[in-house]
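The data blocks that follow each hold one structure.
The following pair of complexes shares a single chain, chain A, combined with chain B in the former and chain C in the latter.
Entry: the complex of A and B
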């Protein structure tokens, strides 16, 4: 029987740190970082949109890594970990698309543009991982489902670097490049606000990942206990 | 809409998503609590 209790111990501490970082990130983003000369106040969406997008990539990458571990070591616990990471990735992916659309409307005057390769590739990555759930739940529970889901999750990881580097590869002028070889194109305070926001969102995602994982393992444990008692 | 309203909308969406997530987790916890109570009852009857 898998145990749901081992990972719980560090969770409250991690959740408290995530909440503190989130508060610090909001403080830095709204009250310390200066207003952007070009975009004005709407640039402050950057401090939530970009960390969420990077976290979505991280979650999809984590899901693919766990899928690789499942195929490599054959340990079934990686199946649930891969599934939960991809689930988190789609949640943060949805938030990336929504906050990105709001920022696009504020900056470019449109909610969406098909001319930006970065946007289209992110949407492709997001829809690819949405289809992961259709594949997963169309198969009966068991090793075949675990392995098929793992192989699918691994295929999707190829889209992550392409999506991430799309701006540079296509020299996309609609979606500007903030991080160049010369460093971040922003002031030190703006960069600090961004880094704290990124740390806060990543840790929040990790806490949510662990909470969901504990819940799912507990559910499995209870189901096994019921079968043993009946 | 002004720039400030767009910023509020973006942060508001994230906040609402988090609230919905917490609500879903809370609902699942209630279900787990109910399952645990049922299993406890089942175990007591077997004793």
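Entry: the complex of A and C
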């Protein structure tokens, strides 16, 4: 049991640091960073949206890495870690799609556009990992479920470059690019605000990952204890 | 050499079971032809050929999904899966056998569907047909792995399209591009790349998907 409780001790501290960083990031991005000359206040969502998107990719990558470890070493503990990472990835992925839509509406006038490769790639990957949950919850618990989930999670990593190539090629016959995202270069404060936000969101994702993992493990331990008592 | 003999035996087994059951191939044929008729009404007068090529790809992917959803049903229903896994052969041979059998049925359906498409809607040149062939390999390779995963689940017919559609987006891009682009080589290359990457991945990971312990 001690293995389940030991990591909890460092969690409140980490959570406090994440909350502090997040507060600092919001302060920097709303009050300290200068207003963008072209987009005005709506550009400030950049400090939230881009770190969240990068974190979502990072979570999917972490999930695939844990899946590889599961297949490689055969340790069942990686199954839960892979699942929790992908779960966090889809949560941050949903946030990315929502904040991205708000930004697109404010600066391009539409909620969604097929012209940006990043958007299409992200949506494809997001749908792919949503199906991961359908697969996982349809299979009975056991080694076959953990291995199938792991194989599926790994396919996502192979899908990223192939989809990216496909979407680039598809530009030729779908739409010419009408919007470009190349704004003016970031100033020093803007870059600082972005980096602090990125660190804050990554740390937040890590804390959430740990909290969910501890919760899920406690749940399993509790169930085993109950079964032992009966 | 024994590996190839195993693959040949497994493919023969899959083809024979499916031909005797006489359900998958007629269903795929009828489905793809009905879909083409539906397209006639889905494409208003004056819609160009390009739209028809796009819809052809929707029909191809859904026909393949129909065949793939049935791919592991005989194994599941009669507990053949346990016997296959216990058989003294490399497990990836089971995957190759199933992929080849599904590919054979998909090709058979297309032997009817592609001429019908050319007759009803728009001509297909050799490059477009090569695109279809390359995409078929990718769909069947990835699809028979995904179908094996889904077969163990509660809602396998429901699950397979959800697993497959995001994975088939590059194939659709490649196939449509090969049919309508003036420089189709790049699209054929994309399809070949997809086939290579995902066939190797599926081949290597099939063992994990069917192992119980």
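In this section, the second predicted complex is superposed on the first by the 201 of 230 C-alpha atoms of A that agree within 3 Å, B and C clash if a C-alpha of one lies under 4 Å from a C-alpha of the other, contacts with A are read in each partner's own complex, and residues count from 1 in each chain.
Convention: a contact is a pair of C-beta atoms (placed from the backbone, for glycine too) under 8 Å apart; a residue touches a chain by one contact, two chains touch by 3 or more.
Predicted model, so just to flag it, every value in this text is computed and none were measured.
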Partner chain in contact with A:159 - chain B first, chain C second, else both or neither: second
Partner chain(s) touched by A:131 [first = chain B, second = chain C, both, neither]: second
Touching partner for A:99 - first (chain B), second (chain C), both, neither: first
Touching partner for A:219 - first (chain B), second (chain C), both, neither: first
On chain A, the residue positions that both chain B and chain C contact, one per complex: none
Chain B - residues contacting chain A, complex: 1, 3-4, 6-7, 9-11, 13-14, 17, 21, 25, 28-29, 32, 35-36, 38-39, 42-43, 46
For the chain C and chain A complex, residues of the former touching the latter: 50, 142, 145-146, 149-150, 152-156, 158-159, 162-163, 165-167, 169-170, 173-174, 176-177, 180-181, 186-187, 190, 193-194, 197-198, 201, 205, 208-213
Interface residues, chain A side, partner chain B - complex: 39-42, 44-45, 48-49, 52, 91, 94-95, 98-99, 102-103, 105-106, 208, 211-212, 215, 218-219, 222, 225-226, 229-230
Complex interface listing, chain A residues touching chain C: 71, 124-125, 127-128, 131, 134-135, 138-140, 142-145, 147-148, 150-152, 154-155, 158-159, 162-163, 165-167, 169-170, 172-173
